[in-house]
Amino acid sequence: MLDKLKKEVYEANMLLPKYNLITFTWGNVSGIDREKNLVVIKPSGVEYDVLKADDMVVVDLDGNVVEGKLNPSSDTATHVELYKAFPEISGVVHTHSPWAVSFAQAGLDIPAAGTTHGDYFYGSIPTTRQMKREEIETAYEKNTGSVIIETFRNRQIDPAQVPGVLVNDHGPFTWGTSAVNAVHNAVVLEQISEMTYHTLQLNPHGITMDQALLDKHYLRKHGKNAYYGQKKETK
Amino acid sequence: MLDKLKKEVYEANMLLPKYNLITFTWGNVSGIDREKNLVVIKPSGVEYDVLKADDMVVVDLDGNVVEGKLNPSSDTATHVELYKAFPEISGVVHTHSPWAVSFAQAGLDIPAAGTTHGDYFYGSIPTTRQMKREEIETAYEKNTGSVIIETFRNRQIDPAQVPGVLVNDHGPFTWGTSAVNAVHNAVVLEQISEMTYHTLQLNPHGITMDQALLDKHYLRKHGKNAYYGQKKETK
Amino acid sequence: MLDKLKKEVYEANMLLPKYNLITFTWGNVSGIDREKNLVVIKPSGVEYDVLKADDMVVVDLDGNVVEGKLNPSSDTATHVELYKAFPEISGVVHTHSPWAVSFAQAGLDIPAAGTTHGDYFYGSIPTTRQMKREEIETAYEKNTGSVIIETFRNRQIDPAQVPGVLVNDHGPFTWGTSAVNAVHNAVVLEQISEMTYHTLQLNPHGITMDQALLDKHYLRKHGKNAYYGQKKETK
Amino acid sequence: MLDKLKKEVYEANMLLPKYNLITFTWGNVSGIDREKNLVVIKPSGVEYDVLKADDMVVVDLDGNVVEGKLNPSSDTATHVELYKAFPEISGVVHTHSPWAVSFAQAGLDIPAAGTTHGDYFYGSIPTTRQMKREEIETAYEKNTGSVIIETFRNRQIDPAQVPGVLVNDHGPFTWGTSAVNAVHNAVVLEQISEMTYHTLQLNPHGITMDQALLDKHYLRKHGKNAYYGQKKETK
């Protein structure tokens, strides 16, 4: 069942240690089959060096396991919420990558400080509000998804143009057009977190990129007038 | 004698270079056989690339060598004190991992700034008071254990729930349900030291994780209602 | 056509991942044949692990492709501008190396803080002014070159003595006597960015290297009285 | 000639890339035969991956080449000055390791902030005064040695107990009982520079290690009452 997607999601999970985004099992990647409305996700707490494509768990959009011998990631309900609210995405990643977590713990957005940011994220990467006691105590992982969705709706951010978020006091979720693309965005998020941290230390008032430069860099890689790479719309 | 425990302690010691927790021989791991009241510990000052399981030294709870050709770690008396005071632990680790040492040298606790911390440590990781001249000059390593124990008792911290400490002006000790689990906690301590350092630089007043979130994350991985991983009580 | 230069430019491009200067495809190296006035440059958006010498693209000094199946780097027009304005250079590198980007995003020059800097860069490494809206919207990559050239002319900096620049809110370009030498300067720029960042954090008023020390270090490696290395004029 | 010492100095040089202390050729190690008063040192500007034991250059205590096809390190005169002034040392290392350079460029001593420091350096690691114009312009490398020696004499620091220094606006020199031991001290210096940097950022007034703790740690590894390791006086 969904063997091709399982292989793709497995391979995307294995990119997390490759790109130094995780310690132990602190991360998970999923992908969705939009026709069948089924999500393939990493099992919970399994070490990467023993993980196999066949260990991937299939869940439906209520979060129920449809196939798989292992428990799905404890964050499955967050992934499912994101797939339901953001129909344009087909992959989701959660990590505790250290630079992004540093901003999440500080409760700060990552401002668009330069063109590296603009090449992938079309504006500030938001940090959610802190979750309320009742949101934490009941259906915590589902509510983590809800607070992300609320952030994008209230702040009128397009999740296709800003493919990531920091959950306050927790860490990053990213997404994309596929599981691998979502990992790609997780790598970029970590890298720009590191650079913008140092920029802020050098010059706390120095984040002043012009909107025209952000437009230029985002749009030279995305949309119908993109011209970066070997064909239109590469990412 | 204790061949299984020696192998386990040896393998736990070899995780220190694997996880980049040590420079040269600046670390040691021990494990205890609680039935025989014997501790197995790394020999002092032996390089990791020549260390063998058979080099592990067996000491009793007075710190006397019971078996072994080599001198035990110079920190043996600290390990022994911890085993005597904290009956729930079966492994102890000491390193000079750089981010944790930075907090120890600054004399600062590591506050619980986010869920990565909460997944493993149920509250602030304390830094001991500075040791007194007389504690340093006589039975220094034993007194290092005593000041750790005093910290947990005076501040009413449960060592099973906060499996680590920073010794002031020195560095981290962690412990756990086994030698390997104690190393696991040493890795986590180093990682959260790094992230919380950066959080404090971004926002010195930004450490505001809600107790409910700390409860949620700690208890979803620990205790009878844990649901992370593939079975109850994995760590 | 230009097989030797293609091989050299290919090998120089492959040094970028070797020296950890790039993430994904965020970098490009070119070299010029000054007799034929032809530039060899990396194709746009091709991953380093599949890149071949034969993929290199040949362009003329108007930026037109003369040979090659792939699109040249999207930054080609910047490289070409630099070759036209700075006749003494034969290689150009662009990366998003994180420490240099941190200064670029902060809009700050990298001051000459010590002898490591002085061994390669004879004075501050300038950051350009921010580009104007009209410069961004039309012929952006060409204008990126123009603003670099303006910086060196207005501030009377000799590009042979300061072989690199930070483009404001973007990142570093370096150059040199060959493609490999330009990569060498990119490595140095990243390293001194890191060290000078930390120097500024330790002591914001502590950048006080004497001109005589800068002269000594630069001139012991460069020019007719150089005495570093095994022959005159090694770099 | 001096084949054993050449091999030892060669191997000590090869530890510099192993321990990530150098970029390109920015470092050199020497050793001395105290009976013959001859120094063996790395040749200038030779890449580590082509360096051979046989490339090592032999110089006398006037800095004249006694044997060797290549030019000796451009810093040879500094090494020679140190050997003449500090008869207890038999190895010298110079690097541009980035954390130590950060302090050197800031013109700050590295204070003894914790036991890692105290295990190897018995007190603050001094930074020299800035060199004067005339010291730089004539016999620069020899005068670099002189300003180091002046620092230790004026501040009454014992070079056997504090086996390293930062040359202002330049970088670290370390020394030791052998070439390998001097490299060992260079590794430690870099590590404690990193940790103490972060300590100072966390708590600028937090460097308060008690002299008794410094005494304890230094003397448990050095001198006649040392008890660390497998025999007396290991380092």
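So that you can tell them apart, the chains are marked A, B, C and D in the order they are listed, and the count of residues begins at 1 in each.
Quick note on the criterion: a contact is a pair of C-beta atoms (placed from the backbone, for glycine too) under 8 Å apart; a residue touches a chain by one contact, two chains touch by 3 or more.
Chain-to-protein mapping (UniProt): A, B, C, D = L-ribulose-5-phosphate 4-epimerase.
If you're wondering where the values come from, they're calculated on a predicted model, not measured in any experiment.
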Third chains touching both chain B and chain A: none
Copies chain C and chain A - interface residue numbers shared by over half, same or different: different
Chain B onto chain D, rotation angle from CA fit, given as a multiple of 5 degrees: 90
Farthest chain relative to chain C (centres taken as mean CA coordinates): B
Centroid distance [mean C-alpha coordinates] between chain C and chain A, Å: 33
Geometric centre distance via CA averages, chain C-chain B, whole Å: 46
Residues of chain D touching at least two other chains: 201
Topology of the chain contact graph, where touching chains are joined (line, ring, star, complete, other): ring
All chain pairs that touch each other: A-B, A-C, B-D, C-D
Residue ranges of chain C touching chain D (in the complex, touch as defined): 113-116, 119, 184, 187-188, 191, 194-196, 198-199, 201-203, 206-210, 212-213, 215-216, 220, 227-230, 234
Touching residues (chain side chain A, partner chain B) in the complex: 23-24, 26, 43-46, 70-71, 74, 96, 98-99, 101-108, 130-131, 133, 136-137, 140, 169-171, 197, 200-201
